[in-house]
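Residue numbering begins at 1 within each chain, and the chains themselves are lettered A, B, C, D, E and F in the order written.
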Amino acid sequence: MFKHTKMLQHPAKPDRPDPLFAKKMQEILGGQFGEISVAMQYLFQGWNTRGNEKYKDLLMDTATEELGHVEMIATMIARLLEDAPLDQQEKAAEDPVIGSILGGMNPHHAIVSGLGAMPESSTGVPWSGGYIVASGNLLADFRANLNAESQGRLQVARLFEMTDDKGVKDMLSFLLARDTMHQNQWLAAIKELEAQEGPVVPGTFPKALEKQEFSHQLINFSEGEVSAEQNWLNEKAPDGEAFEYVKEAKTFGEKPELKPAPPFVHNTLPGRE
Amino acid sequence: MFKHTKMLQHPAKPDRPDPLFAKKMQEILGGQFGEISVAMQYLFQGWNTRGNEKYKDLLMDTATEELGHVEMIATMIARLLEDAPLDQQEKAAEDPVIGSILGGMNPHHAIVSGLGAMPESSTGVPWSGGYIVASGNLLADFRANLNAESQGRLQVARLFEMTDDKGVKDMLSFLLARDTMHQNQWLAAIKELEAQEGPVVPGTFPKALEKQEFSHQLINFSEGEVSAEQNWLNEKAPDGEAFEYVKEAKTFGEKPELKPAPPFVHNTLPGRE
Amino acid sequence: MFKHTKMLQHPAKPDRPDPLFAKKMQEILGGQFGEISVAMQYLFQGWNTRGNEKYKDLLMDTATEELGHVEMIATMIARLLEDAPLDQQEKAAEDPVIGSILGGMNPHHAIVSGLGAMPESSTGVPWSGGYIVASGNLLADFRANLNAESQGRLQVARLFEMTDDKGVKDMLSFLLARDTMHQNQWLAAIKELEAQEGPVVPGTFPKALEKQEFSHQLINFSEGEVSAEQNWLNEKAPDGEAFEYVKEAKTFGEKPELKPAPPFVHNTLPGRE
Amino acid sequence: MFKHTKMLQHPAKPDRPDPLFAKKMQEILGGQFGEISVAMQYLFQGWNTRGNEKYKDLLMDTATEELGHVEMIATMIARLLEDAPLDQQEKAAEDPVIGSILGGMNPHHAIVSGLGAMPESSTGVPWSGGYIVASGNLLADFRANLNAESQGRLQVARLFEMTDDKGVKDMLSFLLARDTMHQNQWLAAIKELEAQEGPVVPGTFPKALEKQEFSHQLINFSEGEVSAEQNWLNEKAPDGEAFEYVKEAKTFGEKPELKPAPPFVHNTLPGRE
Amino acid sequence: MFKHTKMLQHPAKPDRPDPLFAKKMQEILGGQFGEISVAMQYLFQGWNTRGNEKYKDLLMDTATEELGHVEMIATMIARLLEDAPLDQQEKAAEDPVIGSILGGMNPHHAIVSGLGAMPESSTGVPWSGGYIVASGNLLADFRANLNAESQGRLQVARLFEMTDDKGVKDMLSFLLARDTMHQNQWLAAIKELEAQEGPVVPGTFPKALEKQEFSHQLINFSEGEVSAEQNWLNEKAPDGEAFEYVKEAKTFGEKPELKPAPPFVHNTLPGRE
Amino acid sequence: MFKHTKMLQHPAKPDRPDPLFAKKMQEILGGQFGEISVAMQYLFQGWNTRGNEKYKDLLMDTATEELGHVEMIATMIARLLEDAPLDQQEKAAEDPVIGSILGGMNPHHAIVSGLGAMPESSTGVPWSGGYIVASGNLLADFRANLNAESQGRLQVARLFEMTDDKGVKDMLSFLLARDTMHQNQWLAAIKELEAQEGPVVPGTFPKALEKQEFSHQLINFSEGEVSAEQNWLNEKAPDGEAFEYVKEAKTFGEKPELKPAPPFVHNTLPGRE
């Protein structure tokens, strides 16, 4: 169960409204790697965890924090939208600055949400449950989390460079710090799990059942052998085996010819051409 | 530019048709972490790489191989669909085995593709470009790739346990091996990049601009302090700093009260309640 | 079955082209609460109605009118797109007004539809069947309809404020009037149904089977008791019972610990951390 | 900001696993009117509220409770999936009961989430931000909320009828009670707002600007005049005006003929046919 | 504007309920090439037609008929769902026929629509505006229409083979006939337009501006020259020119190396590897 | 299996960066008829072909070429994004040209992909597997292909008119030429298949089983008889039969009244109104 605290985790006050930046900031709210994504991802991972309570705790705590980040960004967007010159159509035709605001802002902010945040990305695409990952395998999922916090922090850093508003930068610098922590924490937890399960997910699948002759081959699928110059090829692979370089990809399969479909499927009859 | 080789990379022949397994196998073709996802993800990462040609090569080679994996699985699905008893409606009412095949198979395989593979997941949801990641930051993206190969291998391992068909298992054991290699290769490349850029993405963002007092705090957002028992809390964080445990989450922000909307937006007037 | 009348229900002629407004107007054509949504919603509700022919009639009549609204708005958008300066790229670099039109208009209007309307929202997201509601329970559905006409009229009112074009305003003022009627009609029909089925949907579910001790509690999930100040708390609830205020949310459930997954699922083994 | 309580709001323990019911229960988790939808809808409405703090409180409290409902249902689904006979393929061919479980369950539960809940509907479609409503107009939005709780309670009631599991029914009977409360609360709040703003949303739009001659017409779009038999036609409309019945729909607009597109758009040239 | 006729264009009465077939039939209602798609496609093409009134008429008439087909199929689905044994959970555990109906039917039909049709495909994916085509170029669009009627009739033919219900077959045989007509009519109209505009769309684009040396080459992108055996290679191309066979694909472009990103984008620095 | 060639099929170098055109060009990369669509469509058609190897070859060769077109356009977009003035926010407020670039460009290009191409359309909507067609019936599918190449070439032609950049035009003129070839080739292959299977898809469905009295009727669904003026009505239909004009659409079906739902579905009870 959850409880709500009326104060924000961190201030979310821009120095001045900026409807164009409000549109861009939607990315870290409702984009593929926005705060809704990490909140939902950690929630589902936490709820689905079976028998590793300390990790479940970690997931639920982090998820709960992320819900507060969603709140901060939604609030920031609502404030960036204040005083949008929606009623100044006539001026817009003459004043190119107003014109480019009205032409460039997310129309949903004007028409749909009444100057509020939307659960969607910077291009106005609704957030999708298809973005998140919760597989029941914690090593796999912590890698997903590390990825999410890496992409997320990268996007926040880019937004930071795209504004001069000190209030906005203040909140972003807090989010950058928390993303630093979250990258650190998933890295640390990944190290722990790799020590127990090995680096290849899932560690429980018997090696003997995979075709091990292909498990360490870097196969070249293009002309030239530039790809052989990867430095790590000469080191041991993370799972302790030796890498092998295959100069030219070979086929081991057959030319796939399928059986004609039965007549009641009404595919093209064989022998047409 | 690409060229096509008529042979498959590896055989894709089931011992016998199985329309129900064809439905399940769609997940590793057109699901969130299916072969279409990794092929497209590596292609876009490769095409967007700016100035690191060896990594671009690695991406393009791996992407090209994944296109061949899409081909193998599509072929396998087409063969699993042969001899589907679509014309045996009457028998189905009496024979529960036929009934459960006709009731459980993906209707698209019968009605839309004429016994062929579909670009969709095991629940029949079309593949989405929203699944993939290509950010221009290679460390971030290689983490996405490691995640994709971890989720992907996990799904293949689960499918392996869900069939007794030797031909299917033979192909899956090849895919398991290639996923082992791909996890190894992204791990090795990540190690290289982390050595150069540090573990926190993006490594180029100046530390001084983030609120460093929050960069290493594990904050407890629930009652009790079980979350403090993470072993790694007592070790150095991956970026070399010390972790800190915060026993109870505090708010630093204000209670967010927004300015009423201007009348022309037709939001609820202030003072209603 | 339907028939088509070549005249529009109401004129749809702007005074002058305006590609930027064409983009915005897409919201009430193909957005969540656009005319496609209400047309499809009423059609499916009508077709699915079982045994209440007068309501079925009402639904089909209103649905049919809405198809004519889709037509009017599509026509208006096509006219707003006439004379878009698509061939004036060179001028755009100098003339910021042309520049902001070319930068701000929906690219689909130029590239995909050839200056015609699209079945999508103001951000260019395709209309989705996931927007509509047709549950077979008319009271539930009329509430959905009242909501749709409320959101829809709100959006039309906002668009009305965002243009000075008299032709556009003329059509919008007609749509505003019809939305007034449709709100009135669903309100009237809701009142009728509530009189027969009670205010809680579905009225046919036996009260004894729900946990009635929780059926009228306003539970406080945050610090402070401001939420207790709702005026209606002191009145009877719409279903005739008394409301109750719960000062602090309590948990009645257990700490959810799940059984470890069986080995063939390849989740993380228990005891990892 | 949010905090998490480790206990569930209400128990979520089925008497026995049931993977088929787990699939169905996804609807009230990640479907159009599942708990994710109401949680997100109330959150966004709360965050976007401008200047009506008591309603903002009500929204945030209810939203926070709904997050706990998402948690309960996710936990229930995870438990319904325990002991799914995923490794009993051979038996399934002989035992039609096992066969129909393996054929009928959501493949994501086996392959993707490792026996955990998914953020998707009962047909395996990812939850979409396009489901929710937060317009800034509270009367409009409370109608959306009343609709959501009506559709939601209807779906819970149907699920209640579709299982004999006492543990599942126990949790559903709690959800039914809370949905009763939430319908009551939105009805009460709607009554308050209607008293202040009138029944037609948005109440702030000047009547004089809509075409009032069309604001109370029930227009017949089909043969016969059965639609005239609505009882409420003879009563005053909810906004106090008189309804009017129009026996046959008339067109007031023109036959829409569009100007040919300029040549650089490469539409079909005029005069073709 | 539209009017509604209460009779169906053709009877839509199954001999007996069949919830599994109701699920399959959703494909031709709300799938990619279902009746919603053709209705919406023809409507948007009609509304966007500029200056070719006879074709606009043809489109609007056909669109209007398709709306009636949507109605027929929705009605048929609603009837196929009558008497679904939703309350016979206990029997289902023993009776595999009931079990496979309850496991195989679309859960939306039970939980969401209350035994009614849904605006979605046979896998339960909502209909999408992204399926339709309306480009403003009639030759291009009539080809889209011919494709839609070809795919649609193929799907109806497959469904026809998958049922023994005479009432269902009766309706499908009507739809097959209408699809025959619609293929004929688009073929005839295409022939007319090709006679005026030539076979290559858009016919108005000056030949001199395309790289004509590549306009008739069949390029071989695989080993072997089987692809040269196409009979039509030896005939004139439809636009009157000669085809040319290129034995092996050549590259004319450069190895694409991109400029490093500026530092404020925080991509990977050049020189990493 | 596939191999990659490091050179592009054709140069993809703009004369100068243009972030606004990069946004527009996304349409032919990741839009409904972009290069991803044709590549995936031909791949799935090729892989699903059963027993017509020459056509399978043709499909695989064309698909493989299209993968190279995806590569060219992705490269072009990445170059159009170089030097985007993302760090010139302050100047943008004064310089309307910079302002309209920053307001009009796709925010994903700045925030998500780091100046790279995205797998999405010009409005920022992710590419969807729901766009493509692969039915197993080659005549149906070649019609889909002809449509795709017609829509695609039309979009390329429109883009060609919307830029003055010689480098961009150079690449587009190559794509126009290849689309000319692909239209020619599908037209030629369609002619071959029609000669064998007849013009109505699927040609294998017995005529006697469709209601032939409706197979050649052009039915008028609107007032007036303008639709009778189609010239082709007086000629033989493509399948050799005579067209027939029906002056006014008639209904042959019944008024659809559905059986009330059973009580456990909790639909509205009959007799409500």
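Convention: a contact is a pair of C-beta atoms (placed from the backbone, for glycine too) under 8 Å apart; a residue touches a chain by one contact, two chains touch by 3 or more.
Treat the numbers as computed from the prediction; the structure is a model and nothing was measured.
Common neighbours of chain D and chain F, by the contact definition above: A, B, C, E. Greatest Cα centroid separation from chain F: this falls to D.
Using mean Cα coordinates as chain centres, the one most removed from chain A is E.
Taking the options A-B, A-E or A-F in turn, the interface that duplicates D-F in more than half of its contact pairs by residue number is A-E. Separating the centre of chain D from that of chain E, both taken as means of CA atoms, is a distance of 28 Å. Inter-chain centre distance (chain C to chain D, centres taken as mean C-alpha positions): 10 Å.
Within chain F, contacts with two or more other chains are made by residues 1-9, 32, 47-48, 50, 53-54, 60-61, 64, 71, 75, 78, 86-87, 96, 99-100, 103-104, 110, 112, 114-115, 120, 123-126, 128, 130-131, 135-137, 139, 154, 157-158, 161, 192, 202, 205, 221-222, 230-231, 249, 251, 253, 256, 258-259, 261, 264-267, 273. Because contacts link each chain to all the remaining chains, their graph is best described as complete.
Put simply, chain A touches chain E in their complex at residues 154, 157-158, 161, 230-231, 264-266, 273. Chain F contributes residues 1-6, 47-55, 86-87, 89-90, 93, 96, 99-100, 102-104, 106-108, 110-112, 114, 120, 123-126, 135-139, 192-193, 196-197, 202, 204-205 to its touches with chain A in the complex. By the touch criterion stated above, chain D contacts chain C in their complex at residues 5-13, 32, 53-54, 57-58, 60-61, 64-65, 71-72, 75, 78-79, 82-83, 86-87, 110, 114-115, 125, 128, 130-131, 133, 135, 137, 139-140, 143-144, 146-147, 150-151, 153-154, 157, 160, 173-174, 176-178, 180-181, 183-185, 187-189, 191-192, 199-202, 205, 209-222, 226-227, 229-232, 235, 237-239, 241, 243, 249, 251-256, 258-259, 261-262, 264-267.
Chain A makes touch with chain F in their complex at residues 20, 23-24, 27, 31-32, 96-97, 99-101, 103-105, 121-125, 154-155, 158-159, 161-164, 221-224, 249, 251, 253, 256-261, 263, 265-273.
Note for the complex: chain A touches chain D at residues 1-9, 30, 36, 40, 43-44, 47-48, 50, 60-61, 63-64, 67-68, 70-71, 74-75, 78, 112-120, 126-132, 134-137.
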